[in-house]
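Right after this note come the structures.
Look for chain A in each of the two complexes below; its partner is chain B in the first and chain C in the second.
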Partner chain A sequence: MKNQAFLSSVVAIILGLLFGLLIMIIANPFTAIPGFFTMIGGWLMNPEFLRRFGDLIFLTGPLILTGLSVGFAFKTGLFNIGATGQYTMGMFAGVWIGIYGDILGPLQWVVAFIAAMVAGGIWGLIPGLLKAKFNVHEVISSIMLNYIGMYTVNMWIQGDANLFNIAFSKTKAIDLNAYIPTTFLREVFTRSAIDLGIVLAIGFSILIYFILYKTGFGFELQTVGNNRYAAKYSGIKEDQSLILSMVIAGALAGAAGALYFLAKGSINSGNQYSVGNELLTAGFDGIAVALLGQSHPFGIVLSAFFISFIQRGGYFMQTLGIKVEIIDVIIAAIIYTSAMAMLVKDTLLKYFKRGGKK
Partner chain B sequence: MLDITKIFPGVIANDQINLSLNRGEIHALLGENGAGKSTLMSVLFGLYIPESGQIKKNGQVIQIKNPNDANHYGIGMVHQHFKLVGVFSVLDNILLGAEPMKGVVIDRQRARKEILALSNQYKLAIDIDAKIEDISVGMQQRVEILKMLYRKNDILIFDEPTAVLTPQEIEELMKILKNLKAEGKSILFISHKLNEIMAVSDRVTVLRKGKSVGTLNTNETNPRVLSNLMVGREISFEVDKPEIKSQGIGLSVRQLTYVSPRTKKSIVNQVSFDVNRGEIVGLAGIEGNGQSELAYLIAGLLKPSQGQILIKNQDVTHLSVRKRNDLGLAHIPEDRHKYGLILDAPLYQNLTLKKYHLNPFQKRGIIQKKKWLELSSHLINRFDVRSGKGTQSLTRSLSGGNQQKSIIAREIDSNADVMLAVQLTRGLDVGAIEYIHSQILAQRNEGKAILMISLELEEIMKLSDRILVMYEGQIVAELNPKQTNKEMIGLYMAGGKPS
Partner chain C sequence: MSFADLFIIVANSTLFFTVPLLITALGGMFAEKSGVVNISLEGTMVFGSFFSVLFINFMQNTFPDFDPSIMLLIAALIAAITGSLLSTLLAFSAVNLKANQVIGGTAINLFAAPMVIFIARTLNNVKNIPFDQTFNIQKVPLLGDIPIIGDVLFQDINILSFVGYVIALVAIFVIYRTRFGLRLSAVGEHPGAADSVGINVYQTRWVGTLISGALAGIGGLVFVVSSSVTFSGQVSGYGFLALAVMIFGQWKPEKILFASLFFGFMNALSIKYTLIPVFDGLSLGYFFTVLPYLATLGALILTSKKSRAPKAEGIPYDKGSR
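Showing the complex of A and B:
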């Protein structure tokens, strides 16, 4: 069963990539083939391998967490389309502590990280409460909260000279103590953005796996997701479970925001949030990651790595004059095919079975 | 249908079954749940492709690969769960898939005339403009029948058509079936209810474990022969009910009232009664007279507007479902798919659903999966729950009878002193019913207080020590089963009073 799930994702990826290749050939037949090979791995085969690989690992971390946020909600019967808003709130809380929390000393990054999770959790709590108490669908309320989150954060940042760098319309750099430690990693992967974030992200995926499959609490959450009525009948407090699911999902997305914005960045200047009237894509990438990873915490780690991998590939494809948007097309195609992959797999199995009989 | 064989992974659902249907006859297909009745009909209707075998109509071999083919050959089917669009009108549901066109628009006028003519011809009363979700189950079924007639089908398959109907609606359906037969339609009638088969069919084919065990003329057989054929052993219709000394009150309900928040009507109105330990109290009533709500109130799934509920003399009116369960309330819910089971979870999780939070199934919040599996295999053996992959079977894949058995296994295992049993045997076959009844009686004999809510009068008469009748939210009669009869209960159920 597990192997089949893995296989179907692989089939989906291959079909999605082929579809992407087709689009690239239509767009420009001359650059399509080299571009395609750049995307699927050529970009790493480079004298700068260690740096590029380090960056890849860094970018995988936040994707794992947004993927977990969406995937965890899926497992408990909720569609958390609001990961972007929770991510943005997490970013803000993290950056705020990163700038104002200098008295915290070496603990500053830890507190900033926790604050990000709390902020994301609160942003998940709202749709959870609305669903539990007033039966408002979480998709509607969390989409709205994406915008509310973004505009609120923009307003708060612009209104605070300590946070806002007017010249670049960005947040200011955070304190050195607020950066997630890089330990020895930067020495191995020189000049890359890598830090301990990846360890945190993988740690969270193990934790989520443990909660979902090994604890009674996780069983309750999944039961509510599977059948609200049966959960209620068996004595599970379904409203409470539902709210907690959203809070956990929100906290994970908030942690993703911290992971991305509390990073030192490759040239030690840090990642700064650009104040603009556009939603961040992080939360939506999380949906793709969760779908491709079939919402399994470990599947999500793999799929986050893969999506991050081809996103980077797309970035380097630009040197060949290929638009980076092609990557989004390919990811979308992969999601489509992964939805169909189960079907494809069944058809193939049937075909082989029949062949075997004759 | 000749030598039909259909194999599913792990099971031979149909093993070389032969079946012939004469024109203008009602042919019943009898068998336990999981005997292969529905599979056979699905083959005929093109939902499954058989591994081997042939289907002939009027002597010609025909190929049915999908329901459209079936329709082409005049075969129509009323499924157990209706295939209707809730927000469409009756008219549109009948047209759906066979729309009469006038250019690019649907010719509703013509269709309406045709349907009303059919409705008159076959005495199928419908409200053609009502939405499906607003009409009764009985009328929905008539819509399904009209759908087939409108498509000019002459072979009509009914898959357990009475499972969802009230006694009055069943009687109505029997008349309809006879009308259809009189008009020359051929009917395949799937059921496991012997009295219906005896009442309406001309011939009956009995299936057991995927094999046909014989076709008999209905007027040359009797229910006992049929049930023995179906189950493969003697079935006892009588139950052994020793006298039990009362052991105190198990469940009490005082002035319990539930007012619907939408209609402001009192669905349950000032209901009071006790259920003693070692006693089965049967609650009879026509569907929709507040019995379901009463059960939900007792279970804690609805909050009462007024009144009290006591379990073993302890007031539980404001306690949570979990607390009530832990105090000693078992509940076999009316809707086993909605409330009773997590269909998409493996069987072992369902069998542990009421205990998973207790030691030793959970220690410091960590699931002890081994204990879950031990308990489940024990229950599967003890209650003979049959499934493809044991504890790991997907609950959805079990037959209805085995699903219900697994709920009953779980609830009996909870060892609660009070049991709330609602529609215990709805949709189940004779063998399963016999088994479940014997289990419930055993619970009574062990001194459990059992409130049994049922629409089946036979069940009520057979098992109850006392009978309560509910009508429009109120208890209108308390009867002793030894001193009453079905007619009397029926009268109370309909709101009448014996003079």
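Showing the complex of A and C:
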């Protein structure tokens, strides 16, 4: 069964990549092939290998966490389309502590990180409560909360001269103590953006794996996900587990916001949040990561790495004149096919079984 | 400024925001009435507006003397066709493959904007497609002379506004008074029962989803044409807002009309509130911007216990499970 799940993700990836290649060929047949090979790995085969690999690892961290956020909610039967709002809230809390929390000294980044998780968790709590108490579908309430969160954060930032850099319409730089430590990592991967964030991200994926598969609580959550009413019948407090799982999902997305913005480096647009009226795409990337990773904590680590990998490939592909948007097209195609992959596989299996009987 | 002037300004601005929301929300309704959740309205708006604005850009450069209103109507047709083309992806995955509709819709949302920006940038290196704002009819003869109403409804307005009102009337008629409309509701409420009396569930859902795509495409064009002079690869979340309008309107076309007016009014206030003496000097832009979203949450809380949502919404229909 596990092999089949892995296989269907691989099939979805191959189909998505082929679709992308087709569009690249239509757009420009001369650059399509070299561009494609640049994207799927050529970009890394470079004298700058260590730096590029370090950047790749850095960018994978937040993706793992948003993926875990969406994937964890999936496992409990909820579709967390609100990861974007929770991420934005987490970003704000992290940056706020990162600027105001001078007295915390070397603990500043830890507190900022925890604050981000709390803020994200609160933003996940709301749709959880609404679902449990009023039966409001979490998808719609989360979409509303994405916009409410974005406008609220923008207002808070714009209203505070200590946070807001008016000239660039961005948040100001955070204190040095608020950066997630890099330890020895940047000596190995020189000039890259890598820091301990990746360790935290993988740590969380192990923790989520443990919660889901090794604790009674996780078992209850999954039972509620499979059948809310059966769970209730068997004595599980379904309302409570519903709310808790949205809080955990929100906290994970909030942590992702911290991971991205509490980092020293040039790669994450100077780790300053640009105030604008468009939702951040991070949460939607998380949906892609979770779907491709089949919501399994370890599958999510792999798929986050993969998606980060081709996103970076797309970045370097631009030198050939190929527009970077093709990467998002490919990722969307992968999700579309992986949403169907299970069904296509089932249909094929049925077909073969029937053939076998005759 | 006299009260009448103020009223005209706010009312004009309200309609400005209302029409694209109205058309798109009605689009969402046609899909959901049939039992297909269409979360991809946002992407469909972007998709439809791209191709129609591309057409307008081409026409304005090639035939500068072409009648702008007719050009806009042809553009709306293109938006409708491309919008429903995109929706075939949703219909196919939701109806035929019985995949999760929210995931399918999310994939389409993620697909639409990057795809058209990729095309735009491949053609022209930038994502923006500019056009000349020549569509506004100065004054409709006779009707435009009616005091106040004429100012609001029949002056300085483009032809798609009227298309929007017509779509709303047609939608009300179709949903309540035609065989197709009643079948659509039946399929969304209880597909098994509908099937047992000979209604083709799959076909009805396909048609509902395609109408949805067509209307969202037109809605996207209206949004871009009335709010900007360039296509820029996004519609500012209006597709999601339209989803809220549809829920606020309880999946009923006449209520959706009022819901979109409410949302449009709030939007207008968020921009024009400083003109109103009572609000002058207060910074309420944030409040009025967020209010529609909060109101939707409130409406959801009040109505979700016994929701008017189509009962089979989001559930794939399997003939075998009847």
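Keep in mind that, in the parts below, the second predicted complex is superposed on the first by the 335 of 358 C-alpha atoms of A that agree within 3 Å, B and C clash if a C-alpha of one lies under 4 Å from a C-alpha of the other, contacts with A are read in each partner's own complex, and residues count from 1 in each chain.
In this section, a contact is a pair of C-beta atoms (placed from the backbone, for glycine too) under 8 Å apart; a residue touches a chain by one contact, two chains touch by 3 or more.
Predicted, not measured: the structure shown is a model, and the values here were computed from it.
Chemist: Assess the superposed three-chain arrangement around chain A: do chain B and chain C clash, or do they fit?
Modeler: clash
Chemist: Please name the chain, chain B or chain C, that touches the greater number of residues in chain A.
Modeler: Looking at chain A, the partner in contact with more of its residues is C.
Chemist: Does the superposition put A:Lys214 against chain B (first), chain C (second), both, or neither?
Modeler: First partner only.
Chemist: In the superposed arrangement, does A:Thr223 touch chain B (first), chain C (second), both or neither?
Modeler: In the superposition, A:Thr223 contacts chain B only.
Chemist: Name the contact category of A:Met155: first (chain B only), second (chain C only), both, or neither.
Modeler: The answer is second: A:Met155 touches chain C but not chain B.
Chemist: Of the partners chain B and chain C, which touch A:Ile23 in the superposed model: first, second, both, neither?
Modeler: Second partner only, chain C.
Chemist: Pick one for A:Lys232: touches chain B only (first), chain C only (second), both, or neither.
Modeler: The answer is first: A:Lys232 touches chain B but not chain C.
Chemist: Have a look at where A:Val139 lands relative to chain B and chain C in the superposition and call it first, second, both or neither.
Modeler: The answer is second: A:Val139 touches chain C but not chain B.
Chemist: In the superposed arrangement, does A:Ala5 touch chain B (first), chain C (second), both or neither?
Modeler: It touches nothing on chain B or chain C.
Chemist: Between 165-173, 183-191, 201-209 or 309-317, which run of chain C pushes into chain B after the superposition?
Modeler: Of the candidate stretches of chain C, chain B runs into 183-191.
Chemist: Where on chain A is chain C touching in the complex?
Modeler: 23, 27-28, 79, 81, 130, 134-137, 139-141, 143-145, 147-148, 151-152, 155, 277-279, 284, 287-288, 291, 323, 325-329, 331-333, 335-336, 339-340, 343-344
Chemist: If we count contacts the way the header does, which residues on chain A are in touch with chain B in the complex?
Modeler: 213-217, 219, 222-223, 226-227, 229-237
Chemist: For chain B, which residues are in contact with chain A within the complex?
Modeler: Residue positions touching the partner: 299, 301, 320-326, 331, 333, 335, 338-345, 349, 353-354, 356-357, 362, 365-367.
Chemist: Under the touch definition given earlier, write down the residues of chain C that touch chain A in their complex.
Modeler: Counting only chain C, the residues touching chain A are 39, 89, 93, 97-100, 102-104, 106-111, 113-115, 117-118, 121-122, 234, 236-237, 240, 243-244, 247, 286, 289-290, 293-294, 296-297, 300-301, 304-305, 307.
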